[in-house]
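Across the two complexes that follow, subunit A remains constant while its partner is subunit B and subsequently subunit C.
Coming up: the complex of A and B.
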């Protein structure tokens, strides 16, 4: 019974996906009903997940149904923490996107079924404790996303984005499988933890094979998070996708991928991780440089946000290389930064999705001319998101960057920290440009601005408040989580990787 | 929890700003609220000034945990050096508000209030991360006020100054983080508090030099020191009056303050070692910006350069490593803030009335606006350093300090002070006094509010010039503490 409680979040999301698939054939199920059902299932998953997470200061690690699954699934503080992020991301995406989905006729209830399947895949991925199950989970998430990207089938760039992602994503998946077989060849197992134990035994294990396998898996990882040199798909795919899906991919999917890879590299490749460090330094520098370059030259706001997400990938990789014996804060800084980036990105993408759905279309920077006069409230929120993405103090983005750069310096990677700072500095330009355009110019159109309606503005305001609170909040307000708690939580979840 | 008086001084303007933002206050209501706030803060600051004890140590300390896992605290305190800058801010802001009284929008007043929170927060912070926090946060309202209410190519100017300043402060951030990590490596727990950071011993010389310059770049850009001044001209000439007033008279001084507060205690050895470089950079700036100012036709640009020129002189003072130079620098911070701030307000009015800033298009204003001319003259003579104004006292002290540092520096700086005299008086003669035949009939004289706003500045300029001891005694123990305890110089 206790095992069942541990897998309840997964169960609810999976159940929701299947039941939505079944009812989607009925005409009477509208988009609104579909999205509300999705939200109900996600909320149940969220609550049951909080139960798993809320263990006080204790970290735990547990294999549910061990005689059936044989350590394929793990439930620990770490996975529960990531599940919280993922479910929250899904909930926010639906809440902000509901308006968009209703306005665009192509969306049907199957979309929500696919959406829940992708959430299920991502959650399974962070709970996976075995390489083959991880691959299955990754593909569940990816295939759902391929379809979600191309769901508006009347728009040709959606189809193109979907197809491109399908072909390239599958290719990247192949690397993962190949890597897995190498790892299996070297160690005779695919279970995380056991691989690590085997790698300690250098007589029995062919380290070269293990390193090759690890490299293959790393390639898939770098592809999925759009790091250099595997970043080229990102701009077209992300900007070809419907905006809520873009938000979902940029923020939530990235967290899931990191969730799994961190576990693999921290637990299993502890001994050989240094092997990739030199190469990763170049990957990071090029990712930051290329991402910044792309972000500067974009005219479309959506593409700029996508390009800048590559830069944020670079920051996360800085923390990734800083995971070492020297720096204990490397891993937890990734976990924290994922939350910080996730909030800002969901907010920014979601806001643009919301206003483009019934306002007239806003795509390029110039479309936002004088936006502050037309919609002062939305402009203020968008500014907060931009400030957080740029890492200006008083937002959670600053604390995230503080954390990552401190971790990098602690691990002796001061050069990387400096490179990251330079990228941050460049990012000030393209983020502040939007604020400048919104506030400092007059707009041509002032007539009949439709009033804000629906739940999205409230959710957006909530995210903006969370960003500010994450930047300045402290433990002074009793029973309310501040920055401190988030950082402690990230540390706890990191520690739980070493339990059991 | 109970907030201390310093926290109230920091956050009251922000609180008022957000309250007026949310509630349906009009421009006038916001203005009245802002003015009232500045008066209340002046009263609070006066009580701080009165209760300040004559020691060189931090007082009015407040300390709360903020991010405990990294030892980041909300930690405030002031010493004599902060005290005089605080007093300066509290005096200048109500005066400026009286000048900006008419015709500003709600956004303008809210920005002004937020800037005030930023600058006082920067001034009180005793924790490096908290300092950085305010230092950067202060930038946002400045960004908005220049971009929304500036003139000319305001958007470009505001992005330029923002990008420049952030570049500097990001280098400082790296240095701060590096110091924090070094402290952790040496002592085994995290802290970014200034008291702890100064105890770091495990840095190599190379590391220290890098970190030293990481801090110095941030402050040099803010001041601005040569060669980091390229943002200055455009920003000052395109800013709205309120913005340029705060930038020149207060925010530039915070760069100097940062050097004294952080660079000096964290790197005392390097501070002494590199002092000659900065003394000479300061003197060079004095000459370079002085000559640049002489060449300007636009009166606002001329003041921008003259301001930079004097800031160079202040830097000379703080690096002169003796009590004269440092006291002089502290004194010049006040004198310069009042005179330059006053001049920018006066020029702002002239620009508003006549719509011109070029010196050849002016002239004959003295007849139209005699009171304006009197105040203009007082401020100007203070900048020139006429005996009887506090400008004289401070320049004299810095020159003495430079002499103490090296006789050559003393002689050069004594002569270069003449540059300011030459271009200022020449401008005064051309733009205000002489009758050039230009049409300046739209120029109006000061109204009651403007006179009321200008009076405290003029009074202080003269009072501090005639009897400087009233003001010296508060800061003297602090300067002694800097020299004897921190830099360990005995002369």
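Coming up: the complex of A and C.
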């Protein structure tokens, strides 16, 4: 019975996906009903997940149904923390996107079923404790996303994005499998935890094979988070996808991938992780440089946000390389930065999705001339998201960047910290350009902007408040949950990796 | 036994390389799809050969799971090919260039 409580979040999301798939055949189930059902299942999963997470200062690690799954699925504080991010991201995406989904005729209730399947896959990915089950989870999430991107099949941009993501995503998946087969050949197991023990035993003989296998898995990882040599798909796919799906992918998929890869590299590849450090330094510098360059040249706001998400990948990788030296601060700074980036990205993409939901208007920088005159509150919220993405103090984005750069300096990666700070300076240009255009130019040509009503603006305003609260909250009101709670939870979840 | 394993893995790597070349060089989307399947099956071959070598059932089961996932991917891929063909009346991936035009800037 206790086992069942541990898997309850996964169970709710999976049940919701299957039941929505069944009821979607009925005509009377509208988009609104479908989205409300989705929200109900996600909220149940969220509550049961909070129950798993809320253990005070205790960390735990548990293998549910060990006689059936044989340590393939793990439930610990770490996985519960990531599941919370993922479910929260899904809830926010649906709340923000309802307006968009109702306006666009191509969306049907099956979309929400696929959406829940992808949430299920991502949650399974962070709960996975075995390489093949991680691959299954990755494919559940990816295949649902391929279909979600191409859902509006009358728009050729959408299908092309879907096709491109499908080909390149399957290619990355095959490399993951090849890596898994090498790891199996070297150690004779694919269970995380056992791989590390076996690699100690067979240290001399099979080490090269293990390193090659690990490199293949690392390639998949770099591809999925859009790091430098594999970043070109990201702009095309993200800008071809519908905006709520872009928000969902940018915010949650990255968190899920990091959730699995951190577990794999911290628990199992601890011995051989130094081998990749030199290569990763070049990857990070090139990711930051190329991402900044791409973000500067974009005219469309959506493409700029996508290009800047490549830069944020670079920041996360800085923390990823500085794990080894001091341990705790590197890993927990990644986990915290994922939360900070997730809030800012969902807010920014969600607000743009809301603004452009009524027509297929081109949303370039120039379209936002004088936007502050027409919709002052929306302009203020958009400014908050831009400030947080750029990492200006008094937002949560600043605290995330602060922890990453101090972690890098503590670990001795001063050069990476310097490059990261330079990239941050450059990012001020393309984020503040939007703020300047909204406030300092006048041209009231913008028509068809939806007014501030309905559920989406309330949710977006809530996210904006959370970003500000994350930046200044703990200094204003003591003993009220703020950013310290998030950081403490990130540290606890890191500790829980070593319990089992 | 080890020699036999080595030749199986060499065969698998040759198949894998052919598949990889097919993806990066061919334009027909059916051939791209077949190349991905070839790569997946090359990995299956490695797993099955390792299972025979280690005398364990575990990799055989993994190969089965991979076949199941390849089937799921095939379903999505083939339906996408149908949609693409209806849209453009061609299977050549060169004409899918809406996203390539850099500054069209449509949201």
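The rule is simple: the second predicted complex is superposed on the first by the 480 of 500 C-alpha atoms of A that agree within 3 Å, B and C clash if a C-alpha of one lies under 4 Å from a C-alpha of the other, contacts with A are read in each partner's own complex, and residues count from 1 in each chain.
The rule is short, and it goes like this: a residue touches a chain if its C-beta (ideal position, glycine included) is under 8 Å from a C-beta of that chain, and two chains touch if they have at least 3 such contacts.
Treat the numbers as computed from the prediction; the structure is a model and nothing was measured.
Within the superposed three-chain model, A:103 lies out of touch with both subunit B and subunit C [touch as defined at top].
Set against each other, subunit B and subunit C differ in how many residues of subunit A they touch, and the higher count belongs to C. When both complexes are overlaid on chain A, the residue A:439 reaches subunit B alone and has no touch with subunit C.
In the superposition on chain A, contact is made by A:402 with subunit B only, not with subunit C. When the two structures are aligned on the shared chain, A:428 is found in touch with subunit B, with no touch to subunit C.
Using the contact criterion defined above for the overlaid structures, shared-chain residue A:32 touches neither subunit B nor subunit C, since it reaches no partner.
Contact with subunit C, but none with subunit B, is seen for A:150 once the two complexes are overlaid on the shared chain.
In the superposition on chain A, A:393 makes contact with subunit B only, while subunit C stays out of contact range.
For subunit B in complex with subunit A, the residues that touch the partner chain are 1, 64-70, 74, 129, 132-134, 136-137, 139-140, 143-144, 147-148, 154-155, 158-159, 162-163, 166-167, 170-171, 173-174, 177-178, 180-181, 184. Remark: subunit A residues 132, 135-136, 139, 143, 146-147, 150, 153, 156-157, 159-164, 166-167, 170-171, 174, 177-178, 180-181, 184-185, 188, 190, 236, 239-240, 243, 298-303, 352, 356, 360-364 touch subunit C in the complex. Those residues of subunit A that touch subunit B in the complex are listed here as 387, 392-394, 398-399, 402, 405-406, 409-410, 414, 417-418, 421-422, 424-425, 428-429, 432-433, 435-436, 439-441, 474-476, 483-484, 487-488, 491. Contact residues of subunit C toward subunit A in the complex are 16, 19-20, 23, 29, 32, 36, 39-40, 43, 46-47, 50, 54, 56, 58-59, 62, 65-66, 69, 72-73, 76-77, 80, 83-84, 87-88, 93, 96, 98-100, 103, 105-107.
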